[in-house]
Amino acid sequence: MTGSALLSVRDLCVTMRQGRAAVPVVQDLSIDLDTGDALGLVGESGSGKTTTLRAIVRLLPAAGRIRDGQVMFGGQDLARASSRELRAIRGGQIGVVWQDPLAVLDPVIGVGEQIAETVRAHSRASRSGARARAQALMRQVELPDVGQTGRRYPHELSGGQRQRVVIASAIAAGPRLLLADEPTTALDVTVQEQVLMLLARLRAELGLALLLVTHDLAVVAQTCDRVAVMYAGRIAETGTVASVFGAPRHHYTRGLLRAAPRIDRPGVLPEGIAGTPAASAAARGCAFAPRCPAADDVCRTVTPALSGALSGALSGAGGHLAACHHPGSGS
Amino acid sequence: MSRYIAGRLAQFVLVLLGVTLATFALLHLVPGNPARTLLGAHATAAEVALLDREWGLSRPLPAQYADYLVRLLHGNLGTSIYYQVPVSTLIGRALPVTLAMLAVGAFFGIAAAIPLALLAAVRQGRAADHAVRILPLVGLGMPPFWVGFILLIVFSLTVRLFPAGGYGTTPAQHLESLILPGLTVAAVTTPILVRSLRLALVDVLGSDFVIAATARGLARWRVLVRHGLRNALVPAVSVLAVNLGYLLGGSVVIENVFGLPGVGSLLLTGIFNRDFDIVQSVTLIYALLVVLINLGADLAYAALDPRVVLGR
Amino acid sequence: MAGLALLAVIIGVVAAAPLLARHDPDQQNLLHVLAGPSGSYPLGTDDLGRDAWARLLFAGRADLAIGFAAVIAPFILGTVLGLIAGYLGGWVDAVIMRVLDIVVAFPFYVLVIAIVFALGAGVGSIFLAITAVAWVSYARIIRGEVLVAKRLGYVQAARAAGLSSPRILLRHLTPNVLGQAVIYAMSDIVLTILAVVTLGYLGLGVQPPTPEWGAMMQTGEAYLSIHPWLATAPGIAVVLTGLALSLIGDGLSAELGSS
């Protein structure tokens, strides 16, 4: 199964330098993504999900290091690729959609030019050719009046329009994989919906695989086929959306689902998860143990590995797995 | 936009008025009879009395100031006692020289500052960065004329590459004689420029859109120059403008060292000969230059950064 | 920090001038004019046969003393005006800022030179001229800090407690606002020393026969080809002093910035 995967992350370990110490923020993380597949990476702030995304394209902040593991993409290990190889892959094979579109666009250059420049970076297009392609892309992301809009500066557009520009430049060079880091978090609720639908449409039209990082379970449920739940730098549970959200096995996932307000169960109030999230990937034992209702001594001393029944007919990497010594049976 | 320019012009006029008031007051700061100051120590009592009556120097000060303003508006900047020609003629001849020198100096300064700042920003924390950061500390303490000496010793006296002074008569000679002074001007500007440009670059290079640009697969140099430098220039321009006053002042002594017939030398001649009209008028011209440059800098700032809305 | 160490060395050397100098700086020796560096005269002699090294040291006393002293008045004047402008706002602020605009319109050196010229050369004029021109930077900094501080908690609290304005100004605002001004003062001392030296070079500063770095450079200028040390050594002294002060300023701003 893994041999044919588009993206295959194996045992990734990332550390962040804090003062003199190198704190592990992602530990033994493995995920697979097939062509056209959509995987949601879910977790709270600090769970390491954004770090994972950035590690895939080797764009960690200055204090971050890939300590161990592989990031196999198209037969290459991105974790060990040269900068020249990376440059071709970034934008060309893997596109990134960021969280805050105002912060990721150059404030002094027109948006059309920024898209065109991405086109030129990955092809031999002329200036006018690139501009035409940029306009075509802007139409594809449903931006109105492309000639006019293309000449505008980022601060002159609305949040939704800006994010469409970011998406346009992410797909400009025809990538096979789209990494999205909280793409709708900075937007108004109504606009969120539109952008998510746009992403779904583009996926279908262009056959893109999608890795969507978010803390919002609803977004994952709407957009992704599969989901991986992260806690303290490790994957706690993974499987199809239906399976994980419908019958969660890890206690953290169950806590997350209980904490989300549900329209279809009006009488049931959301419950928080007791305690505070772990600061970094724990060395031994389950990181969630201090907050888990089912924790015991085994949990505190032995780090649980992902395991579980390959129940049902599932594509992608394995079935419904949970890293828990005493997984629930789902409810 | 036009409202902004109108507002700025009004401010400009106010400041100009104030400047003229200040230069006018200069004459009256000098202890003793203003007429005697203007005519010099060798004037006879009769000449002093004549000037006194002619220029109404015993009249109340506000009236004198009004007279002064009227004279200025007519373009009359007074007459040089030493040269016996209108000061405006002298300034007209000297100003282009000074402006040319400043232009050459600015060119060298920017040409040096950009690569140095880029180098330091890219190699943050390493040896190159520390070396570049020492530069402003040393540079700020260097007297401009002393730098001129060093350059003269090295390039003119030892190696005989450039003329030791003077301006020459042909444009080619002009340019040649502007190189060393230009370098000296650059030596004064570069430290300040490097410091603010480096800071701005470090700031910009850490921002999200630079990371995003790299994520789009853009070439490293393009990210650095097209996106990084372009954004860093914006705050650096305003710092440069603020320091321009200091720069103009330094040019006075630099002209002296290299014997360039610019307004700085004119000022000094006026001082040494106690030629008051020259001193007063040249000071006024300098102030005019500074105000114009500041206005230009504001406009440049707005042109560089589309987020700036003038006339808020 | 390195800056303090260097400055201490410089001040120490200069203060100990009488001990380190082998000859009287003012003593002329017309038989020994423009000599090159030698055992007895480490930097040679100037055009009147005086010991350049001794003159360098003694000039240091004059320049450093004036440089440090001349910063005090602008500092105080600028701080006071900045406090008033920032705190009171309104037309008081507008007037002070307009005056500031006018002063700023003149290049620093030009105005200083012009004023010294008008008043006559000498140390007193230098003080007056520099005070009249240099206060603006302090005023701007302090005013900016006050404007920020006005919004902060402790000013509102003091007002709510009914403290009178002058009291607020003195006891609460001033200590918090002075930090930036002190840092700037470090680089301002460098600028002031440069100004004193430049005035000396132009013959408008400290009058002979008192040795002064700028004046020494002026005499040395004529002899660049045969005796370059006369003109270059004082400049090196100025640069070193400037470096020391700048390092201190940098160190201070790192300290204060992090607190």
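Every chain is named by a letter (A, B and C) in the order it is written, and numbering of its residues begins at 1.
In this section, contacts are C-beta pairs under 8 Å (C-beta built on N, C-alpha and C of every residue); 3 or more make two chains touch, one makes a residue touch a chain.
Note that this is a predicted model, so its numbers are computed, not measured.
As a test of whether you follow the contact definition, which chain pair has the most C-beta contact pairs?
Most contacting pair of chains: B-C.
Comparing chain centres built from Cα atoms against the global Cα centre, which chain wins on proximity?
B
Could you tell me which chain lies farthest from chain B when each chain's centre is the average position of its Cα atoms?
A
Express in whole angstrom the distance between the two chain centres, defined as the mean CA positions of chain A and chain C.
Averaging C-alpha atoms per chain gives centres 58 Å apart.
Averaging over Cα atoms per chain, report the distance between chain B and chain C in Å.
That gives a centre separation of 21 Å.
List the residues on chain B that touch chain A in their complex, please.
Where chain B meets chain A, its residues are 207-209, 211-220, 222, 226-227, 230-231, 234, 304-307.
Using the touch definition up top, name the residues of chain C that touch chain B in the complex.
Within the complex, chain C touches chain B at residues 98-99, 101-115, 117-120, 187, 190-191, 194, 197-198, 201-204, 214, 217, 220-221, 224-225, 228, 231-232, 234-235, 238-243, 245-247, 250.
Considering only the defined contacts, which chain A positions touch chain B in the complex?
Contacts found on chain A: 57, 59, 83, 87-92, 95-96, 98, 100, 103-109, 117-118, 121-122, 153, 155, 166, 169-170, 172-173.
Per the contact definition, I'd like the list of chain B residues that touch chain C in the complex.
On the chain B side, the touching residues are 11, 14-15, 18-19, 21-23, 26-27, 29-31, 136-138, 140-146, 149-150, 152-153, 157, 245-250, 252-253, 256-257, 267-268, 271-272, 279, 282-283, 286-287, 290-291.
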